[in-house]
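Going by the order they are written in, the chains are A, B, C, D, E and F; count residues from 1 in each one.
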Amino acid sequence: MKLCVQRLMLGMGALLMLPTAASAQGFAKQISAGDVSWMLVATALVFLMTPGLAFFYAGMVRGKNVLSVSMQSFVAAGIVSVLWGLIGYSLAFGPDHFGVIGDFSWAGLRGVSMYTPNTDYAPTIPHMLFMMFQMTFAIITPALISGAVVERMKFSSYCIFITLWSLFVYAPIAHMIWAKGGLLGLTGPVKALDFAGGCAVEIASGVSALVMALLIGRRRSNHPEELRPHNLPMTLIGTAILWFGWFGFNGGSALSAGPLALAALVATHFAGAAAALGWMAIEWFLYRKPSALGFASGAVAGMVAITPAAGFVRPGPALLIGLVAAAISFYMIKVKARMGYDDSLDVFAVHGCAGIWGMIATGLFATRAVNAAGRDGLFNGDPMQLVRQLTAIGVAICVAGAGTFLVAKLTSLITGGLRASADDEESGLDITEHGETGYPGEASGIPAFAAFD
Amino acid sequence: MIRIEAIIRPSRLDEVRMALEELGHSGITVTEIKGAGRQKGYTQHYRGAEYSVNLLPKIMLVVVVKDSEWEQIAEVIENSARTGDIGDGKIFVSQVLEAVRIRTSERGDSAVS
Amino acid sequence: MKLCVQRLMLGMGALLMLPTAASAQGFAKQISAGDVSWMLVATALVFLMTPGLAFFYAGMVRGKNVLSVSMQSFVAAGIVSVLWGLIGYSLAFGPDHFGVIGDFSWAGLRGVSMYTPNTDYAPTIPHMLFMMFQMTFAIITPALISGAVVERMKFSSYCIFITLWSLFVYAPIAHMIWAKGGLLGLTGPVKALDFAGGCAVEIASGVSALVMALLIGRRRSNHPEELRPHNLPMTLIGTAILWFGWFGFNGGSALSAGPLALAALVATHFAGAAAALGWMAIEWFLYRKPSALGFASGAVAGMVAITPAAGFVRPGPALLIGLVAAAISFYMIKVKARMGYDDSLDVFAVHGCAGIWGMIATGLFATRAVNAAGRDGLFNGDPMQLVRQLTAIGVAICVAGAGTFLVAKLTSLITGGLRASADDEESGLDITEHGETGYPGEASGIPAFAAFD
Amino acid sequence: MKLCVQRLMLGMGALLMLPTAASAQGFAKQISAGDVSWMLVATALVFLMTPGLAFFYAGMVRGKNVLSVSMQSFVAAGIVSVLWGLIGYSLAFGPDHFGVIGDFSWAGLRGVSMYTPNTDYAPTIPHMLFMMFQMTFAIITPALISGAVVERMKFSSYCIFITLWSLFVYAPIAHMIWAKGGLLGLTGPVKALDFAGGCAVEIASGVSALVMALLIGRRRSNHPEELRPHNLPMTLIGTAILWFGWFGFNGGSALSAGPLALAALVATHFAGAAAALGWMAIEWFLYRKPSALGFASGAVAGMVAITPAAGFVRPGPALLIGLVAAAISFYMIKVKARMGYDDSLDVFAVHGCAGIWGMIATGLFATRAVNAAGRDGLFNGDPMQLVRQLTAIGVAICVAGAGTFLVAKLTSLITGGLRASADDEESGLDITEHGETGYPGEASGIPAFAAFD
Amino acid sequence: MIRIEAIIRPSRLDEVRMALEELGHSGITVTEIKGAGRQKGYTQHYRGAEYSVNLLPKIMLVVVVKDSEWEQIAEVIENSARTGDIGDGKIFVSQVLEAVRIRTSERGDSAVS
Amino acid sequence: MIRIEAIIRPSRLDEVRMALEELGHSGITVTEIKGAGRQKGYTQHYRGAEYSVNLLPKIMLVVVVKDSEWEQIAEVIENSARTGDIGDGKIFVSQVLEAVRIRTSERGDSAVS
């Protein structure tokens, strides 16, 4: 509507010889206050997901690592933010080279306008706002990987790892699927659909997590019971924040405040709700005890799966996508247990596998009735879309797998190994890596309370 | 004096305390502990992984009493802590050489009454 | 303003023979990006209230039930979401029958447009967004009831109960007060005012909670001290989220981003603040100790009371409504103590009674100066409005009371009793119903930390 | 753009003799739904920061004071809200007297319109919304001071102190820097720049905190270890909320949803991220252990420093401002340790000093390229701006210092001393001042759990 | 050897530890417990409901010492833990048959020094 | 009967329990405690302020056994708890006058087996 007003004004302005005062408030003509408002909020929402992830993860580990696990998420908000501004954004979304990567044209945000849109990406919001929104995705993605290496990866290694990973794994995958001219995306040859990060966020982090879990090895523990979550209410707080933030994640990926944002938000919520119920139902059936952690895990798996599909499918299929995602992730955790690798917080099962399923499901259920700029999936008449999706999945898995392997090896060279010493691991990384403890009163013998003595 | 150390169910703490107070004995020290024994533990599932827990929450009471009173007090604890199900706990009785009330430096029986 | 632009455009478009490009971006003509932006956010905010309620409630129970109580809220976000999409929304807001209930016309969201508004409800946002916003209300309402049955209701019974309750109690009450043609609302004969849920949310949940507390009986406990809140900081986190979310709850009920949303938001905040201070003052007077729990309870009671009034009253009366709500709720908790029923977390006192007071207060203080589409209350010249409000209150109480009774009995038949066994209650529902514990390190004897040994 | 549409319409309306239906939806002509939407959200975001501060602070104290410290923030949301509506807003932003203070013209929000803007402050949102947004600033500022007096100030004294402080310190400083005609601001003689609260919020609270720390004296403790944070995950939850809310704090200070809000949001995020990394780096260098608390403290210090500058500087300088802020705050905490005063949670170091630095930095880096309504700083050609900033800093420090001293003395007279008794301090203020404990199961000897016995 | 079990106020823990260290004794075991006795509890209100709490937080120290040292050590604990107000706590002294330092398998007096 | 009180590293708890179970002894009582001794503490920094922590987390086991068994059981605990580093902990052994199984009122040896 904005657009039409603009055009109208332009036309009539010419007609009636009125000066167009369009930039009076610093707005370029195409910018919509309504869209800017929504995208500012969506940016804040997605940003909040990273601390949300911190709590989601930290509640699931032992108390002696609660801060170190939190820090693996928080520090991504520090490192990746700065990196993104310096070169990350330019590499991911800058002028295309071979459909694979951007370049340094926009390094230091050169030419990323605060006032005018980049019409390749988002015609009704300033380019800088698109950059900022994308930054929040770039932050949370490496943080997701941390779930596979909690309680044992050195903090120094982790910092270097996510720096390299952002540049060598995230940037190319994001470029290929989302950037103008990217190999896999709608403007490239493959034309796969990925609304909000099935490839760049979920598959990339999930596959990388698996590689890292294999490279870094299992956690030490003196007894299996020790590895239980130390604080599930904290995990629930994280779940609440993630669910809340996901409205911005998927809804914001419409890049405007209109029906597409709404469609994505509705699909996200239905998928999350259905998957939460689904996981709970599986547990109820298997153990007679539907758990809160299961509900939370299901909700996350469902929203992961709907992420690539959110702006392309109707509510009904969204529900189904969620349900199936819960089953797949649950089953993959069982597979993990059998295989014996320690993807500690199940990043591969919950993000990698549900992400793959989501990409496939997009190829099944996508419809141009929801998003005219999208494509139809198998069930709406275009079987080729499934092939396109599978291609994108395959490329993403390869890049993430190989890239992570190389980046991890490089990191290991730089920091002399990825893993904290056995002693440090036993003492807990909070003390040994960060010099602090989460709940000092409890963990140190000094009575934190001296009430009424 | 005699030190009575009773390991009981958390849910019986109040009954025991009330029973002791009826006897006129209120001095008591309580610790949250975990115990294992014949009582069965339970199983939890976190993301499909099974964890069996067999250290169960119990309460440890320490009561130090005069030599003359211990049998009565132990019996009162015993009776008020009993549910009849496995896991009711134990009472261990031992000798105390000396007792001191820090505030007043009283020693012996008068320190614990 | 949007509207005017539209009309202007239409008029001028005709005049100047310019094609109106209104749907270029997928927008139908009436949709406002600003309003959509606000309503997307408001939806997310209200959604967040349900986890907020989980923490608010869970902090007030014993540690051994922290997850089970959380789950009573979270699971509502699963069950009611799916139910609402399938038939709930259609029953509540679909084509009217006898002023009492909708039908299945919109089942499965058939005909609920992603692009065009339903002008009966919200002319500037897509119908689907109105559905989604209302969903968040339908989720939190049954979750509110859980406060009366915490620590003893079987989870299976709870799931079935809220399913039935949503259909047989929430849907008709929401329909009667809010749907086009509903008996009690502005488009029906009674013409009671209920801005954001005095009847459908607060009275419905509060009265149902009382019924449930009476049906299910008191919690067992070995000593009264045991029943104290186990984690008040958690309750404060919940309070913060509820307060934050309530801006969306009441502000969003304006269904647009304009003065009405603002009026509702201002009234909500003043009522909450005044009630928090009021409750604190009462405690200060009675016990010399104003408590954090009291402050939190007051804030909630105040915002409950302003809920039906928010878009109809000025800030001054809002303040007063909050203050009185605190006094009423506080007093009703005292009454509860004397009566001996175990409405464990005081849903009837804080939601039921404050909700009734809020509905009455709307009849006293409402003014068309704030909301031209509303009505004047007693103090603004229309004594009849008070009668209208009382009628609505009466009907809501009856439907909620009788409906809940029947639904509870039915649930009891299906699941063989509403209540967990005495043993399970003693062990805590976290373990017995959900197979997990909130803080395993603490509750199981396995040292969660092995730091520096 | 809105504005232009309006003007266009007005012009054309006259031209074409079409009635302007501008107020059809209750909107006055100038109001933009997009801007209103953003400002409603920004208001909610800033409001949320006060509970966020509660958790940030409460995690850093001993468990026996967790509620009392939380309450020092929460109660500000009660007291200051009501006060602001009654007279605070009028004193701060009402018609100017001597450039120093408003008056009672708008007491009780008389004349603060729900429909029309106050064009002196925000031309595209209703005046009432501007009032409400500003209220959230007035709430959090006194709450910030509480960090200096935690664990020992009587709650009664605290309540009276923040009431008086809001009127006698906050109102004049806010007036001088922000109100139409205020001495220090752009419409007064000094013309200092303060985008979102370098003076009124950060310097005012920081300097007042120092004064209070000196007046009230050190905390008692039996052993130094006792004073460690009792619950750092809680502090991280607070950090997350503060960061999230700061997008509204600085972004909302643009008072519209456009490039300026975006510029402020981007600057805020970069400053926060850089400062978090900076603090971490310092710790890494000094102790080999970068801590989570350090990361959190850095993020806050960085966002404090960018607050006055956010809408005037580019992303690059924002990054630098953040980095320097971390170094300054870290160093000032070291100075505190040497000086021996007990500014318990480092409000002076983190808010006062970083705020002063931020005001100076604004004088260095401000550029009209970011904000045409602003001014250029030293590095952009106007060395005088630095003088202007220093003048504002000086005045703010003096007013805050002297004002706080007087207000504290007055409070002390009224409540018979500011400080709780030694016994109460030892027992913890949760019990003695509020009659409750944060984690009763833990602190009282009643087993909170009786699971599986 | 002798086992000294002292129940003290949490706020005196540091004084006691410092006093013991002055004597050259640093080996100590500390437990957070709750105690009831003559000391009055306190009352809390949650939503208007009154809860009276009479199990109060205390610290239990266990120190095992050579036979020859116990009286001196008990006295030092007594003096450093005393405030003179009700609730200062107790010291209970009992006999230990054997002590073992796990690391070295040392037994007897040398295990506890 | 004999009361064995063992202070061990938290990380050795499982080894100790498994070793005891091999002997056929499962009855055990566990408390989370803090200990100081020769083992060095560690240093933390919070906002630049240094805090040295020297009460370290330990586990206290209490096992009451028949007179005839105590030496074997103490040795098993000793061996399974040993790491050889400073801080392995202690075992204190003392006499119990009477033991009661609350559930059955059994006394003496049969109460603890």
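Going forward, a contact is a pair of C-beta atoms (placed from the backbone, for glycine too) under 8 Å apart; a residue touches a chain by one contact, two chains touch by 3 or more.
As the structure is a prediction and not an experimental result, all values here were calculated from the model.
J.: Using the touch definition up top, find the fewest steps from chain B to chain E.
T.: The fewest touching-chain steps linking chain B to chain E number 1.
J.: Compare the two sides of the chain B and chain F interface and say whether they are made mostly of the same residue numbers, over half shared, or of different ones.
T.: Both copies, chain B as well as chain F, present different residues to each other, with under half of the numbers appearing on both sides.
J.: Among A-F, D-E or D-F, whose interface repeats C-E's (more than half the contact pairs identical)?
T.: The C-E interface is reproduced by D-F.
J.: Using the average of all C-alpha atoms in each chain as its centre, how far is it in Å between chain B and chain D?
T.: Roughly 52 Å, centre to centre.
J.: Just curious, how far off is chain F from chain E if you go by their C-alpha centres, in Å?
T.: Comparing mean C-alpha positions, chain F is 18 Å from chain E.
J.: By residue number and range, which residues of chain F touch two or more other chains?
T.: Residues 11, 13, 30-31, 33-36, 42, 44-46, 53, 55-58, 87, 94-95 of chain F touch two or more partner chains.
J.: Send over the residues of chain D in touch with two or more other chains.
T.: 2, 5, 12, 32-35, 37-38, 41, 222-223, 225, 228-229, 231, 237, 283, 287, 289, 291, 293, 426, 431, 435-437, 440, 443-447, 449-453
J.: Could you pull out which chain B residues touch chain A in their complex?
T.: Residues of chain B touching chain A: 44-49, 51-53.
J.: Would you pull the chain B residues touching chain E in the complex into a rising list?
T.: Going through chain B, the ones touching chain E are 1, 3, 17, 26-31, 62, 64, 94-103, 105, 111-112.
J.: So in the complex, the part of chain A that touches chain C is made up of which residues?
T.: 1-5, 7-8, 11-12, 15, 32-35, 37-38, 41, 45, 62-64, 124, 222-223, 225-226, 228-233, 236-237, 239-240, 243-244, 247-248, 251, 256-263, 265-266, 269-270, 273-274, 276-277, 280, 283, 287-293, 295-296, 299, 315-316, 319, 370, 372, 426-428, 430-431, 437, 442-443
J.: Please output the residues of chain D touching chain F within their complex, sorted ascending.
T.: Where chain D meets chain F, its residues are 224-225, 227-229, 283, 286-287, 289, 291, 293-294, 297, 330, 333-334, 337, 346.
J.: Quick one: in the complex, what on chain A touches chain D?
T.: It comes out as residues 5, 9, 12-13, 16, 18, 20-22, 24-27, 29, 31-38, 40-41, 43-44, 47-48, 51-52, 54-55, 58, 66-68, 70-71, 74-75, 77-79, 81-82, 85, 108-109, 114-115, 126, 128-129, 132, 135, 155, 231, 234, 237, 241, 433-441, 444, 446-453.
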